[in-house]
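The two complexes that follow have subunit A in common; it is paired with subunit B in the first and with subunit C in the second.
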Partner chain A sequence: MKNNILEVKHLFVDYSVSKQKTDYVLRDLSLNIVEHEFLGLVGESGSGKSTLANTIAGFLEPVEGEIFFRRNSLQNLSFKEKIKTTNAGIQMVFQDPYDSFDPIMTIGEQLEEPLIIQDKLNKQNRKNKVFEMLHNIGLVEEYANRYPRQLSGGQLQRVAIGSALITEPDLLLADEPVSSLDVSVQAQVLDLLQDLRKKIGFACLFISHDLSVIQFLCDRIAVLNQGTIVEVGKVDEIFDNPQNPYTRQLIEDSEFLSI
Partner chain B sequence: MTRRLGHSLVNKSDILRVENLKVTSANGAELVRDISLNVKRGEIVGLVGESGSGKSITIMSIAGLLPKGISIASGRVFFEGRDITKLTNNQRQTINGSRLGVIYQDAAQALNPLMTIGKQIGEVLQIHTKMPRKEIKYRILAAMRAVNLPDPEKTYKSYPHELSGGQRQRVLIAMAIINNPELLIADEPTTALDVNVKIQVLELIKIINESKNLSVLYISHDLSTIQHICDRVYVLYAGIPVEVGRTEQIIHEPKHPYTSLLIDSAPTKEKRGKKLAVMKPRVQDQRGPATNCQFASRCPFAFKKCYQKIPHMISAGKNHEVACFLYNKNFSESEKIRTSEQPDEK
Partner chain C sequence: MTRYIVKKIIDMIITIFIIVLIVFAMFELIPGNPARIMLGMNASNAQVAALEAELGLDKSIFVKIYTYFSDLFNGDLGFSFRFQRPVIELITEALPYTLFLALYAFFFIIILAIPLAILAARKPNSKLDNFIRISSETCLAIPPFFMAIILMLIFRTSQLALQGGSVDFDLNNAFQSYWMPALAIALSRLAMAMEFLRDSIIEQRESDYVKTAIGKGASRSRVMFFHIFRNSLVPFITALGLILAEVFSGSIIIEQVFLIPGLGRSLVTAVEARDFQLTQGIVLLIAFIVVFVNFCVDLINQFIDPRIREQNKKLYKSRNTFFLRMKNQANLDSQKKR
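Presenting the complex of A and B:
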């Protein structure tokens, strides 16, 4: 039996300012991710996928419920304390790589930044690590001196994955990381995730609205509808025998559209 | 009517014909290299290609909306038999919005946030017709019903931010079709939408196409949406069409290596744990004049000739054409087999 890396228990999240309102974006949401597991999260726009990732990452504070990372509760901690508790063990990749980077920092600097914050390695070791990661993501060393706009969308998304994984986190939150990419570039990024998974070993919450991507990459799948998880299970089992009508419709629609 | 009749004698079936279109930017970069395509009346034609292949520049050229500094260097665009590449603004007004409708990609950005939905849909009629106000409103509500917008009377008074992404996309379709155009150009109308909404929008375009005999030029980077709506498909690579055929030919019997690799790049359950990227990554966009096959550097089958000459479209079956030297009959069979071994497949 593998250990849970992440446990989310009865999570309630809302964006409303007043405390009276109970218009929750996430309602009584519970899930877990075990070590080295890829959990796919699907659901239509507005279902709360990104809200969940942002809450786990600590950008949002839940109204109720608890999040455990390596059995440590992240409840009632400041953002800094959370980073300390998780030891930079939770990292995130976003949909649009051009929005994720500082335009006036070089690729090398951005790859190094998480290591500086983590504060474990000296300068030389950090540099070595950056070059090792560049190699891992399939870019030659001279890319360290380039700026984000000098890279293509696919290259930059690979850098985003590299900078998320450079601290060797236990959990990667990937919020639609391949949705804005061309099919051939998407293929490269998915290959990279599979490669690094074998090399480094990490668990992943992989958000996508594209079921075929999840089927390709993930071990389990959780279906989110209106802030609640309506079905969760092994990818094959869910696809072969969906129980929830919403899941069934989602699979039917996506099969209609696949080639 | 006589005007149209005269033109239809030139070419009876093509509503749109693009001939050897080349579009360049001020610094000489070739954004569209050499595109020829045609759309017959009542036909839905797809234009597929990855980012940078020139899809959007092509439709901007057709709609006369090229940004400053980018212009048509050569080639012609015939709409209903008339060359529309050198129109004045006034002449353009007689086409755009009345005979030619365009749906733009990003529904959130294409709408005016300060204008009600009803007004935006009706603007086309206000500008292009002398219809009385009452009739305009009637037509707006009819168009909103045609695209399945919920509660038209209420939505009429709503603002764009009050609608969902799928609803906004439908507003754009209503705007594009309200004046009964002959040709609809749709630039990735389903990209940002959920699967179920995607299917609804595709069905909607198909229904309008069938009921009004509307011709459609449908642009997408995504073959999976194209397969459900298009009669024929052009596959674009680096500003040049590399293959054209009926949709089922393109999807099930692709001839050009780029087309088949594009189809093979899609993730599936069966490919789990295997390497997905079958195409070599794109190195750098060559923006100078093309002197050889643009796909050669990424093609697993490329041989000497591919680096020396530009392949022209040749027949690859009924209604099916491909621009690739692998299908060139003059080329000896033995040479092809020797060079088509894939050295870097692992």
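Presenting the complex of A and C:
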């Protein structure tokens, strides 16, 4: 039996400024991800998918509920303490690859940065690791000296995934990483994630509104509607026998669009 | 990079050439006879004619342009009738005061603007942010000479002002004597620099790459100085270039208040005395400084931001492709004719 890497319990997240008036984006949300598992999170725009990822990553504070990472509670910890507790074991990949990189740093510098922060390797070993990761994500060594604007969207998203995985985290939060890419490039990025999963071994919360992507990549699927998980289960089970009307509607819409 | 620098130097030379032409034309277009204006209404016609001959005012416009440019090329800016000395000598004497005052003010702007912008950007629209912005905007609304008077009243002294003008220029003394006029200029120009940097920091902080860096475990200071601040530098440096130019013009009035024998004071004296050659020389020099500052800003931006380097590379590439196409088209046309 595999251990839970992430457990989210009864999470409430609210964006409203006023203390009297609450408008929950996430309400009573609970889910778990076990080691090396890929959990797909689907839901329409505004259902709270990115909010959940940002809350798990520590960019947003929940109003109520708890998040456990490797059985350690992340509640009431400052961002610095969270990073220390998780040992930077939660990494995130964003939707827009162009905005995910510091425009004035080279690709090599950006891949090396997490290793510098961790301070576990010397300069030569860091350099070797950067080249190894470039190789893993299908780019040649010369790309280390290029700047983000000199790469295509697909190449940048591969680098973003490489940069997130270079420190070998336990959990990757992928917030719609392929939705801004065209279909052929999407397939390359999804193949890369599959490859790296086999090579490195990590769990992933993969957010998407595209059910076919989730079906291809994930082990389980969680359906989010208006801030609440309405259905969760193995991908095949959900696709073959959806229980919730909202899930059925999502699957029907996705089948209609793919015709 | 070398090509870019060469291009920028050529641009600078063209700009300076145009400025020289404008300054020349400006003094040519002044209504009335400059020799008469300089000598006053009581001067005899013979005296006016003699001065006209001496200044070369009786010659044709082309001869005058040629003489003006060749003299300028040889470092001859003319002769001051008010001071009875070559203009270049007077400018060389006055320049260190103005240069020091402007750079000192610029130093104040930088050391005040950076921490204030970082503090204000920490929580946009907070009480601290509003306080910093309102204070700096109030300073912006106060003209530098009035700011100087306020500072004098606050520090209850005019001694420093007199000291600034009466002593020979030496660096050790200057730091002590010039802090007040430099601060007066700096406070009036601070808001622009501070707000440019504040807005830029706020904009950069919202970017996903900052979130990525935070998620990687980067410390707050690393995120601020290594990522946000470095990316905010381009608009800030561009603003600083404009401000430095304004600081030079701001020092003209301040030098009057504090009796500093710099370019500004010389300029006012020259205008009052209708000393055209000295006025022309100082106006040209200030224009040169502004052009040179802009040249430096372009180079620094090019150096720190790869996006600008890449943009310029693309521009050259597209230009080269365009010229190549034109050349090929011309070859094809000539072949067809044959």
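Observations
Heads up, the rule we're going with is that the second predicted complex is superposed on the first by the 258 of 259 C-alpha atoms of A that agree within 3 Å, B and C clash if a C-alpha of one lies under 4 Å from a C-alpha of the other, contacts with A are read in each partner's own complex, and residues count from 1 in each chain.
Everything below uses one rule, namely that contacts are C-beta pairs under 8 Å (C-beta built on N, C-alpha and C of every residue); 3 or more make two chains touch, one makes a residue touch a chain.
In this text the structure is predicted, and so the values were computed from the model without any measurement.
Legend: residue contacts after superposition of the two complexes on their common chain; A:A88 is shown touching subunit C, with no touch to subunit B. Judged by the touch definition given at the top, the superposed model places A:S100 against subunit C, while subunit B stays out of reach. Looking at the shared chain after the overlay, A:T55 reaches neither subunit B nor subunit C.
In the superposed model, A:Y147 lies in contact with subunit C only, and not with subunit B.
Applying the stated contact rule after C-alpha superposition, one finds that A:Q194 touches subunit B and leaves subunit C untouched. When the two structures are aligned on the shared chain, A:L217 is found in touch with subunit B, with no touch to subunit C.
On the side of subunit C, the complex with subunit A involves touching residues 207-209, 211-220, 222, 227, 230-231, 304-307, 310. On subunit A, the positions that touch subunit C within their shared complex are 57-59, 79-80, 83, 88, 90-92, 94, 96, 99-104, 113-114, 117-118, 147, 149-150, 160, 163-164, 167. Contact residues of subunit B toward subunit A in the complex are 50-51, 164-165, 194-196, 198-199, 221-225, 227-228, 251, 261-263, 265-269, 271-273, 275-279, 281-282. Taken in their complex, subunit A has these residues touching subunit B: 44-46, 138, 152-154, 182-188, 190-191, 194, 209, 211-213, 215-217, 235-236, 239, 249-250, 253-254, 256-259.
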